[in-house]
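Order of writing sets the labels: A, B, C, D, E, F, G and H. Residues in every chain begin at 1.
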Amino acid sequence: MKIYNEIIIAGLGGQGVLLAGTILAQSALEQNLKTTWFPSYGAEMRGGTANSTVIISDEEIGSPIAFSPSGLIALNTLSLNKFLPRMIEDSSIIANSSMINSDEFKSDKRIKFIPISEIADKEIGNIKAANMVAVGALIKLMQVPDLENVKKAIQTAFSKKPALVEINIKAVNAGYNYK
Amino acid sequence: MKIYNEIIIAGLGGQGVLLAGTILAQSALEQNLKTTWFPSYGAEMRGGTANSTVIISDEEIGSPIAFSPSGLIALNTLSLNKFLPRMIEDSSIIANSSMINSDEFKSDKRIKFIPISEIADKEIGNIKAANMVAVGALIKLMQVPDLENVKKAIQTAFSKKPALVEINIKAVNAGYNYK
Amino acid sequence: MNKILSKPEALKDNPLSYCPGCGHGIIHRLIAEAIDELGIRERTIAVAPVGCAVFAYDYFNFDTTEAPHGRPPAVATGIKRTNPDKIVFTYQGDGDLAAIGTAETIHCANRGENITVIFVNNANYGMTGGQMAPTTLIGQVTETTPFGRDPLREGYPVKVSELLANLDGTKYIERVTVFDAPHVIQAKKAIKKAFQNQVEGKGYSFIEVISHCPVDWGKTPLESVKWVEEVFLKTFPLGVIKDTTK
Amino acid sequence: MNKILSKPEALKDNPLSYCPGCGHGIIHRLIAEAIDELGIRERTIAVAPVGCAVFAYDYFNFDTTEAPHGRPPAVATGIKRTNPDKIVFTYQGDGDLAAIGTAETIHCANRGENITVIFVNNANYGMTGGQMAPTTLIGQVTETTPFGRDPLREGYPVKVSELLANLDGTKYIERVTVFDAPHVIQAKKAIKKAFQNQVEGKGYSFIEVISHCPVDWGKTPLESVKWVEEVFLKTFPLGVIKDTTK
Amino acid sequence: MAKIIVNNNRCKGCGLCINACPKKCISFSDELNKIGYHYAVLKNENDCIGCGFCYQMCPDVCIEVFR
Amino acid sequence: MAKIIVNNNRCKGCGLCINACPKKCISFSDELNKIGYHYAVLKNENDCIGCGFCYQMCPDVCIEVFR
Amino acid sequence: MVKKLIKGNIALCEGALAAGLDAYFGYPITPQNEVPAYMSNKMVSLGKVFVQAESELAAANMVLGACATGKRSMTSSSSPGISLKQEAISYMAGMEIPGVIVNVQRGGPGLGNIAGSQADYFQAVKGGGHGDYRLIVFAPNCAQEMYEITYEAFDIAEKYRNPVMILCDGIIGQMMEPVEFNKEQKSSFSKKDWCLDGCKGREPRSVKSLLMKDGALEQHNLDLQKKYETIKNNEAKAELYHIEDAEIIIVSFGISSRISKNAIKQAREKGIKAGLIRPITLWPFPSEIIKKYAKPGIKFLSVELSLGQMIEDVKLAVNGVSSVDFLGRAGGGIVSDKEVLNKITELKK
Amino acid sequence: MVKKLIKGNIALCEGALAAGLDAYFGYPITPQNEVPAYMSNKMVSLGKVFVQAESELAAANMVLGACATGKRSMTSSSSPGISLKQEAISYMAGMEIPGVIVNVQRGGPGLGNIAGSQADYFQAVKGGGHGDYRLIVFAPNCAQEMYEITYEAFDIAEKYRNPVMILCDGIIGQMMEPVEFNKEQKSSFSKKDWCLDGCKGREPRSVKSLLMKDGALEQHNLDLQKKYETIKNNEAKAELYHIEDAEIIIVSFGISSRISKNAIKQAREKGIKAGLIRPITLWPFPSEIIKKYAKPGIKFLSVELSLGQMIEDVKLAVNGVSSVDFLGRAGGGIVSDKEVLNKITELKK
């Protein structure tokens, strides 16, 4: 089967959406897939929202910018509003019900609501791990990259801060295993 | 007869070679001929020599720079050395014997030696009029522009300093009438 | 109860897009108030810089233009010389005014153009993400001074107000700050005077506003204003640096 | 009899192409003497300006390069930072250094680059035929101030040495002149010290030389040196303006 | 008698007004506003003296002061 | 005993050496040199004290001083 | 009307003055020093604005400021100085500011020399600054045109709200020719509906090039592009000389077009059917005119004082239908009528 | 070899570091801020030179100075900043100084926006500065090439004593991709026979561009031209993709070439014979390669993030033999594979 996914991770500045993207891209790399990562940057971010785009494919990748996104993590309402209309039909969408009123979006059956911030805050003990909870949830839905490679990616990414490896893996697991 | 003359007036900075050129060009204009004037300019002149090129023609003029000069006023040795080799065969050449050793050039029969500076200094009473003495001599040789138009040109050029009109006309006459 | 303080007319309704707590918003308001109080809104032309305040033209409720990075003094000269009846001011950051625009700043001041310059010194390049500015303090860590500004490598904080005071063309120079309300009120006075001078044809007035940039400083807004008071002002003391208008 | 004074080794044999009586030639010779005396000719790299002295590279008997108009301080920074063992100096006119090159001059000085700057102030743009320079005196008639420099229109003569003295990066600044022999000898001392400082790693040294430009001033050489003494120096007083090297 | 009105949806929750108020009568809202911030609210209405310090410090010009 | 030697063909006749000489022992040549100037010549050889003032002032570096 | 013998640079000044110039901003550089020198006298005498800026950069931005208020303003320089104006030029194009910029070209690259040259063609015509923009570029070839074209330049700049460049060279600038001052004096200020003159009785205006909102900059570029198309359709201008029966067609502008014309005369005397297309506007380039004459067997020859720049636009216009040869001189060298004639003769074979 | 996931801007830095960079001089501007930020750390840690200059102008001239002494030096910026470097670039070309200049292009003209763009093609390739000169211009299209091309750039610059520009864009600069650090670390300094390193034991040298003597500048230009011819013959590079049987040939560089490639894949799946010529060097432009494939019936399509710049070079190469169409987006817009595919399909009709 051909692998090709355009994933957008969006939220407030400070919610770690850029980092989450690089972890996804790094996971793809660990899995020997092609990948690109592209951030929002510069004064664009002054508004307070940020996003990053990850493309994962088994073939060479053209644009690192998503024209037909099939994966979305939306950590706040603004982000979901902004990107939902762009998603292709067959999309995997994770939304943070801790910050988004799921009622407003219930007509869209693709969206999986997860109380991401809550899980991070209560289960993991660090609200900053919300991004990784979301990553765990998304790869569960998308089935790519593999959980193992996400863990490897976290190890690579935090190789200089080993203390953070465990908590992030825990967060990914929490998202992955959320029912 | 077709009129086409490329004239170079060359000398030391301060000898009025630029002004002499403009007078020639203005004379041509008074005579309803086409004309262009082109100076040496900028740091070129730092060396102490200056020149200007006047083209006089009864047809539209192409380049204001002389490719085939047929008229030359050389007020000092350097200038004569520099421009003599560029002159076409049938040229009118006035050289300032007050500053140039005519013996060195006597093989060239085209050159008419005139003690220009001396004439200006003694006859006209102003060494600065040397340029006009030379102009007078040159138009005599070249037969264009007419003496009358040179005089008109001087009147135009010095319209704001009428005191200078007379002395310059006197100088032109002196050059024109020099035997 | 009467409304005694509210958004001045010289500011548009648009919400400001600066980061939370950013000093630019305060300074914008002070300018707008001064312009309203002097009744010059309808003949004011502002020159926005390239810097966070490039968006100033979305907020000021009068004619505005932009200038290439560092060139507001030249643009303002072009405007004021051809329109001496207009009130012309530049609004510039420390990168814009004191780095790339040094030549334009100095010569505009030296010519004594009858304009007003609002100089927002926030010790770094805000818009581009917090690099060293000429005004960055010694030891200050920025995006491009990861080891802290070392004067032997990166030179010293440039005191623009003091530098310009040497030029005979400058008439009024004051350094103010906006880290707390009393200082904001003082800053307002200085800004108003700088416009008043122009109205009266007194010549070049320059107000340096020590401002805060929480986001690029990596500080909360409260930490930022505290840092201004406790650290920043040590290198850039407040006060009137020159006044020959009296 | 012994030959006690003659062309220094650090000058080539080429005749100088400056106008008769021009101050540049004297200043070239002083630099060459200083370099010879310090024994640094073989490790010196000069940066020529755009100005009459652009031809300096035809005369100096050591490695030379050019810089776009006003950019010698940047070029010198590039050279010195990558070659700290070399002796690097810029030679710049007042148009080059104080007009178009203002930003480069100020920031090079502020960074305290360990270089030597020879600043030739002749109160006009020599090479281009005598236009107003930042240093042109009030009332002075030039090609572009046909009515005399009017400070209200064209601003005031810029005193670069005094301006740079405000920057912590500058170590030694002196203003000298070459209008007569005793002052030439003093100028030589200052120039030599400015190079000596660099050899010793003491940092940025700046020598402003008040020079004469007979041709563009429309004066004879003798009138020119007299004008320097009687008029020019009134606006630009001589002396050590800053010295923190002691 | 004095009071302030905060334009909730303009407020970015920077807290500079809270910090500046000599009477400590402003605090943050519990809920987020439309642009995602806990905005400033006048909690102790009776303490407000209408000094305007909050207004002076607000970078987003969202405070009106009444007296 | 002292003297100077002027490089005739380098001299541009600016006269700064003449002006500078405390002993007034330099003057202009009557003839022009190759580049068209009346050059400087040491006229009063005996008066020269080798002070070097002429050398210091010469913009064209055409003077050598002997002592 | 009497003709006055003046330099091209002065004719340019007179054209600008007649057009009602409000402000001149410049910086000295050879071979255009006559312009600031003349303007420093004239503008001040007329009570208008002259500023010798601290640099070419500053001068260009002063023009930007003055023109943003609807005033007529101009700056002039020569090649290195024009390179320094590129950022401001790109801004003016983006902000749609009708400034007039004069380049009296000299020999490059770098400091080069001060002789005349045409080697800044690419810079002027393709955009020396950043982004998709166009200047309207005029190439006068005599003092009379220096006067007339400069006079028109301001109107055209304002008509399209677009910066205009006058691309001449050291020869045209320095030479004197008789000029007839045949234009009426214009008054300077005409109210424009976009400029900054104080918001009394209207909404505030902003003149700017920053467009950060999604798609805004692209839309602006498309609008500019539309404007450029209109300009292309309306303003391309060329002089044709002996063109109808020509078998060898020289394309040449500015000073080299005059030399080429002389060579063509001489060629015709020899019985060679040569002709000239002289672009008067370099952008828009008179491609349609050239295309019209491009036929198999016809030989084109681009004559330039450069190592071959305009030739690309000639080739693009000809599109392979005719051959296109080149004759040029570099670094301030000037082509002679003999060289051109020789080349024509060679092509004839 | 392990691949590291890094931004294009960082890959560029690593390439320069591996090439033995001695000095980096820069000034902040989005979207290339990662370069000075990374270099401020790396270069200082390595005991090499990092200076945040007071402006882009100063930065370019610092590079000029450092390279004049034979050191390896680089500056980077984005569109408006690159416009400011044009004078220095022209000087470097004239002085034959092998500096490396990076343009991470953004939307223009003027201040524009900070999105990626390819609208500075003309500026880079035709000469944004004054005079007849050429930069060697590389157009990497992925992070790996940002690394490798930058690594090579210094050698090529020194081989020809010519400035090199790396023309990329905000997208290539900001995106992360896996990069393999497959190059050997070079030592920085190799003695060069023209550079300024003190005249000990040899005649003094001068590196300059001013040539005032009669004919000297022209000769220099002719020498440069000869060098440019050599470079043209040796260094033009392109990637070919599905080209042999292609009926529709896209020419596209940098980021848009990747998108085009995807569209070509999709076209092939639909049975349309499309192919790609991707210029890796924009100057010298791979005209010979394009010419080889230009045949009647073959359709060329230039895909650019601009309103049509490289298309002129494609047309010049094709010289009327094939048709040349255009697809582009302006002002920071980015072309999608669907748009390209649609255009291909349309051309197929």
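We take it that a contact is a pair of C-beta atoms (placed from the backbone, for glycine too) under 8 Å apart; a residue touches a chain by one contact, two chains touch by 3 or more.
Treat the numbers as computed from the prediction; the structure is a model and nothing was measured.
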- Item | Labels of chains that are neighbours to chain E and to chain H | A, C
- Length of the shortest touching-chain route, chain C through to chain H: 1
- Query: Taking contacts as defined above, which has more of them, B-G or D-H?
  - Reply: D-H
- Please report how many Å separate the Cα centroid of chain D from that of chain F, as a whole number. 25
- Item | Interchain centroid distance [CA atoms averaged], chain G/chain H, Å | 29
- Message: How many angstrom lie between the centres of chain D and chain E, each centre taken as the mean Cα position?
- Response: 59
- Message: From the mean C-alpha coordinate of chain B to that of chain F, what's the distance rounded to whole Å?
- Response: 36
- Any chance you could list the residues of chain E touching two or more other chains? none
- Check: chain G positions touching at least 2 other chains come out as 30, 33, 54-55, 57, 80, 87, 91, 95, 110-111, 114, 208-210, 212
- Which chain C residues reach two or more other chains? 18-19, 54, 66, 68, 99-100, 102-103, 106-107, 111, 127-129, 134, 153-154
- Note on the structure: In the complex, chain E touches chain A at residues 35-36
- Message: Applying the document's contact rule, which stretches of chain D touch chain G when the two form their complex?
- Response: 50, 54, 66, 68-70, 95, 99-100, 102, 125, 127-129, 131-132, 134, 143-147, 153-154
- Could you pull out which chain H residues touch chain C in their complex? 27-30, 33, 36-37, 40-41, 44, 52, 54-56, 80, 110-111
- Task: Using the touch definition up top, name the residues of chain A that touch chain E in the complex.
- Result: 12, 48, 76, 78
- Task: Using the touch definition up top, name the residues of chain C that touch chain D in the complex.
- Result: 99-103, 106-107, 110-112, 134, 151-156, 158-159, 162-163, 166-169
